[in-house]
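Once you scroll down, you'll see the structures, which are given as C-alpha cells.
There are two complexes below, and they share subunit A, which is joined by subunit B in the first and by subunit C in the second.
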Partner chain A sequence: MANKTLKKDQVVSLLNKVAATYQLIAPVADDSVVMFKPLSSAEGVVFDYVNSVLPPKDYFFPQTEQMFKFSTRNNQIVINPPDPVKERVLFGIRPCDVQSIIAMDKVFDREYKDTYYLDKRAKTTIIAVSCTEPLPTCFCTSVGGSPTSAPGADLLLTDVGDVYLVEVLSEKGEAFVQKFSEFFGNENGEGAKKAEVEKAVAAKFVRTTSLEGVKAKLDNMFEHPYWERLARKCLGCACCTYVCPTCHCFDICDFNSNGFEGERFRCWDSCMFADYTRMAGGHNPRPTKKERVRNRFLHKLKYSWDRYGLGHCVGCGRCSRECPVNLDIYTVISDVKEVDANV
Partner chain B sequence: MPMCDNCQNPLIPHPATITKIIDETPDVKTFQVVFDDPEIQKNFRPKPGQVAQFSVIGVGEATISITSALPRIIKENMVEFSIKKVGRLTTVIHELEVGSKVAIRGPYGTHFPYEMMKGKDLLFIGGGIGLAPLRSLIDFVLDEENRDQYGKVDIIYGARSKADLCFKYDLFDRWPKCKDTNVYVTIDREEPGWDGHVGFVPSYLEELNPSPENRVAITCGPPIMIKFVLQGLEKMGYKDDQVITTLELKMKCGIGKCGRCNIGYKYVCVDGPVFSLAQLRELPPEF
Partner chain C sequence: MRGLSEQLRNTAKELLREKKVDFVIGYAPGSVNVKTTPYFAFTPEEAENLVWNPLCANILVTYLLDYRYDDVKVAVAVKGCDARAINRLIHDRQLKRDKVVVIGLPCRGILDADKIAAKIDPRATITDFEYAGDNIVVKTDKGDVSLNRKEYLLNKCLVCEDHNPIVADIVIGEPVQGIAAEDNFAEVKQLEALSPAERDAYWEKQFNRCIRCYACRNICPACNCKECCFDQAEPQWLGKANNSAENHVFHLTRAMHVAGRCIDCGECDRICPMDIPLRKLNKKILKDMKELFGIDTPGKKTEDDNPIGSYRLDDPDEFNY
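And then the complex of A and B:
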C-alpha cells in the first residue's frame, strides 16, 4: 500500500479516537520514567522520548500472567483458562523493540503454540515510530537493525518535519489506515525527506560495530577464560534479563488462595539466578556465575542464531544502561572480536 | 504474523485420578494414573522415553518420565509414573492416596530410537530412579508383540542398597523370565541378606564387558554414574551412535519456551530428553 502522511497536530486526536474503540497502549512519562501504559485517552502520551526503561514486551508476555484459575473442591479439578484479550493498538514503539517482538515470535510460535502470547500478538496493531535521537548506549545498527525501519510493525511513523511519514507495512496496518482514514493524507514527497532523516540519525550513533565474525568465533569459545573474567564483576542481580526485550524465560507457580481455589501463573524468570537451573535433587548444571553469564551472552549472540536463525540482541542498549556494574553486551561483542579464541 | 486460530493451549493439564500406588523403595513410589476424560486417555500414546508434566493442582508441576510402555498403557488403560521424593512437589505427591486427583499434560520430548534398535542386542544400564525412563523401553521391547524384533536384552542395574532397588518385581521376577533376557543387579555396599553383586554400576559394567558387536547401550542414572558409564562404554569400543542416554534438567513448561533446560542451543524438553552420545558430543558439556 502507498505511503501516507499524518499531521503531527492530528496525532492526539487520532489516538483519542483509537482509545474509544481499542485498548490504547502508549508511552507516558511517570516522574520522567517513560513506560508503556494502557490508556483511556491520549492525554500524557510522550512523543519525544528516546526509549522506555522497560520494553513493551509486557503486553505480549506479561511479567506475571494468569495461565488458568482452578478449583479442587470435592476432589474434582476444574480448570478455567483466562478470557482472550481485547483488540489493542500499541503506539510509539521503537524499531529495536519491533525487532525484539519478531525474535519472541520465533520462540512462542514454534512446534508448540503459546496461545497466551499468540492471542495478544494477533490482537495488537503495532504502530512504530522511527528514532531521530539515539542514546549513547544504542547500537541497533551494529546488530543488523535500523532506527528508521521496522519490518514486522504494522505502521511505521517517521518525523519528517510538520508531518509523520506513514509507511504501511502489513494488512493490519492497511486496515488501520482505512478505519481512521480521515487522519491520513497522501504522501507528497515526504519519502524523500525520510532519506535525509535516516542519514542524520545514522551519523549520531556513538556505538558502531558489527556482528561480523562474532558467531563464528563464539562457536569455539565455550571453554574460553574470557567468561571467567567477565563473570567476576557480575552481581547476579538479573537486571539485564528483566529489561531485555527478548528475554522470554519464565517460571510457573501455583497460588492456592484457600486450599481449594487459586490460579496457576507464570512470571519472568532469569538465567542469572542459581535456582533457575538448580534441580530438586541439588544438581545444578550452571552452578556458578561463570556458567550463567556465559549462557546469557551465548544465548543472545550464538544459541539464538543456531536455534531461530536470528540474533536475540536487538541493540536497544537497556542492559548496558541499567547494569549496576557496567557489564555491557556491546563491550562483550567488541571483546569477542578482539580476543584470541585459541587461548 | 503469527496466528493461532483454534489452536489448543498446550499448557493446560488434564485432570486424572490415581488408581494404584506401589511402594518401590523408601523414597520412590509408582503411581498408576487414569485420565478423567476417556478420550484423552485413549489418545495418550507416549513413545518409550517420553516425559509428561505432572501436576498437583495448587502445589505445582514437574517433568516426570513416563515409566510404563505403550502396549501396557493400551492394554491396562492407565499410565505409570515412578516418582522419587526429593523436593517440595514430590513430597506432596508422596502423600497422595488412591483416588487423589492430579493433572497431566504431554507426552513431550524425543523417544528412544526403537526403530533403529531393531535386530540389535540391547544393553540397559541404569542407576537408582534412572531405571524409570529405561523401563518404558525395556517393557516395550519385551512385550510379546515386539520381542522378536530385537536381539538379546541385558539389563545392568544398581542402587545404593537392596531397599533402594526400584521395580524389584520386574528385576527379580518378570524380566528374567523373558526370552533371551539377563538381569544383573548390584548394590553399592555389602549388606546382610544380599548375596548378589556389590559395587558401583560403571565398574560392574566393565566387569561384565558386553561386546559392542551389533549392540546398542541405553543408560540413565545420576549424572555422575552416566559420566563414568559413558567413559566405560567408550573404552569397551562402543561408538558414539551406539550409546543412547536420557537426560534430566530442571524444566517448567516442557514445550521449549521457559528457557531453563537448554544445553547450548538445544532444549532437553523438546530436543531431548533422549540423546545419542553422538548428539551430545555436539553440545557443550553443561548438564
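And then the complex of A and C:
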C-alpha cells in the first residue's frame, strides 16, 4: 500500500476514536516515569518522549499472567482458561522495540507455540514512531537496527514537520488505515522529507560500533577471565533483565486460595538472581555472579544468534541507562572486541 | 579536583605495591561521561584507572559483603555518607575493622547524573571540576559548564550530615564544608501532613510502579542477611506475583527490616529504575527514631551501637502503660 500522511493535530482525535473500539495502549508519564499503559482515551499520551523506561513487552508477555484457574473439588479437576484479550492498538513504540518483538517471536513461536503470547501478538496492531532524538546511550544502529525503519510494525510514523509520514507495512496496517481513512491523506513529497530526517538523526548517535566479530569471539570465550572481572561490580539485581525488551524468562507458580481452588500464573524471572538456577536439592550450576553475568551477555550476543539467527540486543540502551553500577552492554561489546580471547 | 584523583591513585598504588591490601574498591570513569562506575583494582597498574570526583555516586561499602567470609584485606573508598555503613557493618558483625582499609573521601556533594546529562555534551570529555561559590564548574574539552549546586546535586546531598567520613584510615585531601544543609525531614513532614487515606493513595501509586528488580535491596549496605527472606522458597514469605499487595509487603517489610540499620545513604532511591522515592520511607523511620528515642542516624558512632536492639534505662520514651 502507498504511503499516507497523518496531520499531527489529528493524532489525538484518531487515538480517541481508536480507544472507542480497540484497547488503546500508549506511552504516558507516571510521575517522572514514561511507560505504556492501557488507556480509555488519548488524554495524557506523551509524544515528546525518547523512549519508555519499561519496554512494551508487558503487553505480549506480562510480568504476571494468569495461565488458568483450577478447581479440584469432588475428585474432579476443572481447568478454566483466562478471558481472551481484546483487539488492541499499541501506539508509539520505537523501532528498537519493534525489533525486540521480532526477537521475542522467535522464542514464543517455535516448535512449541506459546498461545498466551501469540494470542496477544495476533490481536495487536503496532503503530511505531521513528526516533528523531536518540539518547546518548542509544545504539540501535550498532546492532543492525535503524531509528527510522521498523520492519515488523504495522504502521510506521515519522515526524516530517506538521505531518507524520505514514508507512503502511502490513495487511493489519492497511486495514487500520482503511478503517480510520478520514484521518489519513495521500503522500505528497513527505517521503523526500523523511530522507532528510533520517540523515539528521543518524548524525546524532553518540554510540557507533558494530557487532562484527563479536559472536565469533564469544564462541571461544566461555572460560575467559574477563567474566570474573566484569561480574565483580554486578549487584545481582534484575534491573537489566526487567527493563530489557527481549528478556523473556519466567517462573510458574500456583496461588492456591483454599486447597481446592486457585490459579496458576507465570511471572518474569531473572537469570541474574542467585536462585534462578538453584535446583531442588540445593545444587546451583551458576553458583556465582561470574556465571550469571556471563550467561546474560552470552544469551544476548551469542546464544540468540546460535538459536534464532538474530541478536537479542536491539540497542535500546535501557540496561545501559538503568544499571545501578553502570555495567553497560555497550562497554561489554567494545571490551569483547578488544580482549585477547586466548588468555 | 584532578589533584585529589591523583592522590587517591597514589594511595591505592602504594597499598597494592606494599601488599597492605589484596585489592582496592574505588571508582573509574563510566560508559557515559556523566557517570562513574565501581572499579576493583588488583594491581598498581589497574589503580591508574581510579578517579575521585563529584560523579562518584555509588556506595562501595556494600561490596565488602561479597568478601565477608573470604580471607582478604580490602581497601574501599568511602564518602561521608558511605562511612556510616562501615560502622554499621562492624556493629552488625559483618565486617572486621582490621580486614578493611578505609580511604576517606571528604565530599562536597555528588552531581545528579540525570539532571546534568541535559547540560553536558554527551560527546565531551570531562577534564576537571572546580568550585566557585554556590556553583560547580564542570570543565570539558568542549567548554566549561557552570552549575548551581543546589539545583544539580543529588537531593540527599542537600541535607548531608557528614561531608567528612567519620571513620577513615587514610583521608584524601583536606576536610571540606558543604552547602548549608536544608531541613533533613521536609519531605517526610509533607507526607505526615496528609490524611491516612491520602498517604495510602500516594504509596499505592508508587508501589504499583515497582517491577521488583530488587536493585534497592541489593545495593543496600543494611541488607546484609545471608539469605534474604524475600528469596526463600519455603516458606514463601513473599509471592512472586507482581501486584499491589505483594509490592506493599516487599517495601514495607524491607523498610522495617532495615530500621536502625539504614544509614541514610539514599542509594535505593537514587538507583530505582522506576523512580520510587524509597528514601522517604526510611526517612520517616529515622525521624521517629530521632524524635521518640533520641537515636541518631545509624553508623554515626564508632563504638558499638545497635539502635533498635539496645536496652537503655534512660530511654526518653516513657513507659506509661
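In the analysis below, the second predicted complex is superposed on the first by the 343 of 343 C-alpha atoms of A that agree within 3 Å, B and C clash if a C-alpha of one lies under 4 Å from a C-alpha of the other, contacts with A are read in each partner's own complex, and residues count from 1 in each chain.
We take it that a residue touches a chain if its C-beta (ideal position, glycine included) is under 8 Å from a C-beta of that chain, and two chains touch if they have at least 3 such contacts.
All values reported here derive from a predicted model rather than from experimental measurement.
In the model built by aligning both structures on subunit A, subunit B fits alongside subunit C without clashing.
In the overlay built on the shared chain, the residue A:A341 is in contact with neither subunit B nor subunit C. Contacts of A:A20 after superposition on the shared chain: neither subunit B nor subunit C is touched.
When the shared chain is aligned, subunit C comes close enough to touch A:F265, but subunit B does not.
Among subunit B and subunit C, the chain that touches a larger number of residues in subunit A is B.
Of the two partner chains, both subunit B and subunit C are touched by A:C253.
Of the two partner chains placed by superposition, A:A216 touches none, neither subunit B nor subunit C. Of the two partner chains placed around the shared chain by superposition, subunit B is the only one that A:K302 touches, whereas subunit C remains out of contact.
Taking every C-alpha atom of subunit B against every C-alpha atom of subunit C, the smallest gap after superposition is 7 Å. According to the touch criterion, the shared surface of subunit A, contacted by subunit B in one complex and subunit C in the other, consists of residues 251, 253, 269. Chain contact summary for the complex, subunit B toward subunit A: residues 1-4, 7-13, 15, 36, 57-62, 84, 86-90, 99-101, 103, 223, 248-250, 252-253, 255-260, 262-266, 270, 284, 286-287.
Per the touch definition, subunit A reaches subunit B in the complex via residues 67-68, 70, 72, 75-77, 79, 81, 105, 107-116, 118-119, 121-122, 170, 172, 222, 248-254, 256, 259-260, 262, 264, 266, 269, 271, 276-281, 283, 285-286, 291, 295, 298-299, 302-304, 306-307.
Interface residues of subunit C, counted against subunit A in their complex, comprise 30-32, 35-40, 58, 62-63, 66, 117, 122-123, 205-206, 209, 211-215, 217-219, 231, 233, 239-243, 267, 271, 273-275. Subunit A contributes residues 30-33, 35, 53-54, 63-64, 136-137, 206, 229, 232-233, 235-239, 241-243, 251, 253, 255, 265, 267-270, 273-275, 320, 322, 324-328, 330-331 to its touches with subunit C in the complex.
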